[in-house]
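Got some structures for you, see below.
Each of the next two complexes has chain A plus one other chain: chain B in the first, chain C in the second.
Showing the complex of A and B:
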């Protein structure tokens, strides 16, 4: 039987991070993953991540996956792929199916980072081909290059539904609507806004009734629900769609921890009771990432690092003092990610009415996915100024600050508190470089040039759809809700390596639409 | 064992529902009606439902339907889903072909 100092189960963001941390300490590390490719869900994430620099903010998920993998390989971590761990025996040995054979491996420390699986809700017709998980849609598009369908109904308005919805649009799929049984959009407002401005309607307080079709999905019926989630008769609506995408939450895949005998607790599914280092009730068995409680990839990476370092401390590979120093920094990084309106304590809260700064929250944003013009002007990222200047439509307290460092001319300030709303500094001078527009993971920054031509203004917007409209092309400017507002001419298209595939599209519109035109279509 | 299990309590008669033919466990093709009948036959735990109906014994090993079945038991018994214990987690957690086991252990 082959022995390692630490065995990590799952090569996603948490598992790879844990293995890197342990290998850096000098441990002999193996990572097992049942998939053909490592990286877990990271290689499906083509969007830019939120957070601060240490959380790899504004880097696209799959690039983070590539970075982690390269780091793990450099540290000579043994990455076993197509290797399904089927059990844990005698506390520290694992049974793995590899190359059509059961093998056993042993280690002094096990770090379990098996992630989560998608939830389903049953409804009439839910077993028809064409009803798929949002994660499955992402796998088809971003790993295999296959369109899941031509027209999709998205069920669930959390970040998964919003992000996958946007990716479907990027792939050329039409989205009939995004529905959610809750009365408010569950994910980040900026994610909802970038979908809404393309014209996708949000139907909150709506649930799916039926997937229509005999052999496969040919349509979907939805119905409005009351405050007790009961269908309201007479509110049924029909959509012609060939795909119904389910983004209704995740459940931790914690079976291995239960088999090992770890003490479990209920937290949206069974998760292990862990100490602050991710160690379970069994000494030497750690859990990190979604399996220890559903969060997101950024915190999974930090959690993995903590567990990796803790296992190194446990076996004497690092000294107590070094560990404490490391832990302090990682804990601080984790705390940053766990702040703001969407943190665990605020989840499901319905009585939040204002931001930390005391600015009223937009109900339109929470119910329809877009801000109203009269609301947006109240935010500190929106100032009326001569010449070119950024308009930052970031209106919720989320842990993210790349825009602050993207501007080398100190036009944008967030300050020490990572969840604070970005402020456009009054007497700063914007150079029109566009770095803030490209660095905003929420695509919420626009450049407005108020004195470009008589009666016209130019608006620069982040654009991630192919093919790019060419300079000189005339089309239609859309507002935040995706409604047509006026004719627009493309007067600039910038693609720089530093923008990392976010093109900066500049359109010319009549000046009365300066604060309403936010998207372009042909 | 969970506290809700007072086997003498009356959960009422099994009333047919219009969506009783909806499949809940898609691996084993077990319907909502079959699971509801099992509950009314006295199968009040996840383990009992599994052994009585085979729901959760298929390829995905209950990865999809466990949560749904838990909700159904809770509804029929009038308790919170949180009060219902999960199935016992067992090796192998992923389906393994018998021929793989047949090769012995490496």
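Showing the complex of A and C:
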């Protein structure tokens, strides 16, 4: 039986980071993943990630996966793909199905980073072909280049529903609506806004009643629910859709930990009880990433690093002092990510009414996905200035700061605390370089120039759809809710390698629409 | 329905074109994609019918967990088409219960 110092199960961000950390310490490491591709959830994610630079913010998810894999391979980590781990025996050996055969491996330490699986809620017709998981939609379009359908109803308004919804639009699929049984949008406001401004309606306090059709989905029926989630008679609505996409949450895939005999606890699904280094009740078995509690790729990477370092310490590959130093830095990075209004402690809180800065939260953003003009002007990212200047419509305390890093001309500040709201600095001079617009993971930054005599203003917006409208083309400007507000002419289209596939579209609109026009359509 | 140009992924790279058979009809797909993806691109939604209630099933998870997508591939039943890669000349059939024929035992 082949022996390693560390065996990592799962090659997602947590598992790859754990293996990198352990291999760096000089350990002999193997990673096993049942998928054909490494990266876990990451290889389906084509959007730019949040966080700070050290969490690989503003890099698209699949690239983060590629970077981690390259790093692991450089350190000679053995990456076994198409290799499903089916059992753990005697605390330190694993059974793996590879090439339709079961083989066994042994290691001094096991790091379990198996991630999460998608939840499902049953409803009338839920087994009909055309009802698919959000992950399946991503696999179809982002891996195989196949459209999941022509018109989709998205069920779930958490970040997964919002992100996959946006990706469906990018692939050319129409979205009839995004519904959620909760009264408020679960995901980031910036993710909701980029979908809302294309005209996708949000129906909160709505649940799915039925997938219609005999052989496959031909429509969907939804209904409004009251505060106790009971359907309200007479509020049924019908959508002509061929696909119903389910994004109703994730549960930790912790079976292997249970099989191994680790002590478990209930935290949005069964998770292992772990110490601060990710070690379970069984010495030498660690858990990292979503399997230890659903979070984000950014925190999964840090958690993986901590577990990797802890296993190195356990086997004497690093010294106590070095470990403590490392742990302190990693813990600090984790703490940064675990702040703000979406962190674990604040999740599901309904009584939050203001940002950390004391600015009232927008109910329109939470219920419809977009801010009202009278609300947006209260935020520190929105200032009236001469010449071209950024308008930052990022209004919730989320762990993210690429906008601050992107601006080399010190126009934007977030400060040390990465969940603070971005501030446009009063006496700064914007050069119209566009880096902030392209770097903003939430596509929440616009450049406005109000200095024109002819009664028109120019607005630059991030644009990630094909085909790109050409310079000189006339079309319609949409507001934050996707409503048509005025005629608009494209006066500029910028693409650049540094923008990483986010085009910057500049449109000219009458000045009275300076603070309402936020999207363009033909 | 295939995506040709994608704003982020660019031109979708595909493997060699391969021919396969779906319930006897010749179809085209690409090497390296899953059977399920190839069928979906051609608009095939129903992969199988359940044995007791004869209800249609199709792709649900696309990662090998739900088994809704199983079909008869080259005579073998219960093949998860979302996890099995398409190959030249493959013979893919709708699965009825556990059989390839629309006869219910």
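Annotations for the structure displayed:
As a convention for this text, the second predicted complex is superposed on the first by the 520 of 522 C-alpha atoms of A that agree within 3 Å, B and C clash if a C-alpha of one lies under 4 Å from a C-alpha of the other, contacts with A are read in each partner's own complex, and residues count from 1 in each chain.
Everything below uses one rule, namely that a contact is a pair of C-beta atoms (placed from the backbone, for glycine too) under 8 Å apart; a residue touches a chain by one contact, two chains touch by 3 or more.
From a predicted model like this one, the values you see are computed outputs, not experimental measurements.
Steric overlap between chain B and chain C is absent once the structures are superposed on chain A; the two fit side by side. With both structures placed on the common chain, the touch criterion links A:139 to chain C but leaves chain B unconnected.
Within the superposed three-chain model, A:405 lies out of touch with both chain B and chain C [touch as defined at top].
Using the contact criterion defined above for the overlaid structures, shared-chain residue A:428 touches neither chain B nor chain C, since it reaches no partner.
In the superposition on chain A, contact is made by A:501 with chain C only, not with chain B.
In the overlay built on the shared chain, the residue A:95 is in contact with chain B alone; chain C does not reach it.
Contacts of A:104 after superposition on the shared chain: chain B is touched, whereas chain C is not. Of the two partner chains placed by the overlay, only chain B lies in contact with A:121; chain C stays clear of it.
Contacts of A:172 after superposition on the shared chain: chain C is touched, whereas chain B is not. Between chain B and chain C the least C-alpha distance in the superposed model amounts to 5 Å. Taken together, the two structures place residues 34, 117, 127 of chain A in contact with chain B in one case and with chain C in the other. Of all residues in chain B, only 19, 22-24, 26, 32, 63-64, 67-68, 82, 86, 88-94, 96-97, 99-101, 103-106 touch chain A in the complex they form. On chain A, the positions that touch chain B within their shared complex are 34, 84-89, 95, 97-98, 100-104, 117, 119-124, 126-127, 251, 253-256, 258-259, 266, 269-270.
Of all the residues in chain C, the ones that touch chain A in their complex are 1-9, 12, 14, 33-34, 37, 40-41, 45-47, 55-65, 68, 82. Every residue of chain A that touches chain C in the complex is listed here, in rising order: 34-35, 46, 60, 117-118, 127-133, 135-136, 139-148, 150, 170-172, 214-216, 464-467, 501, 503.
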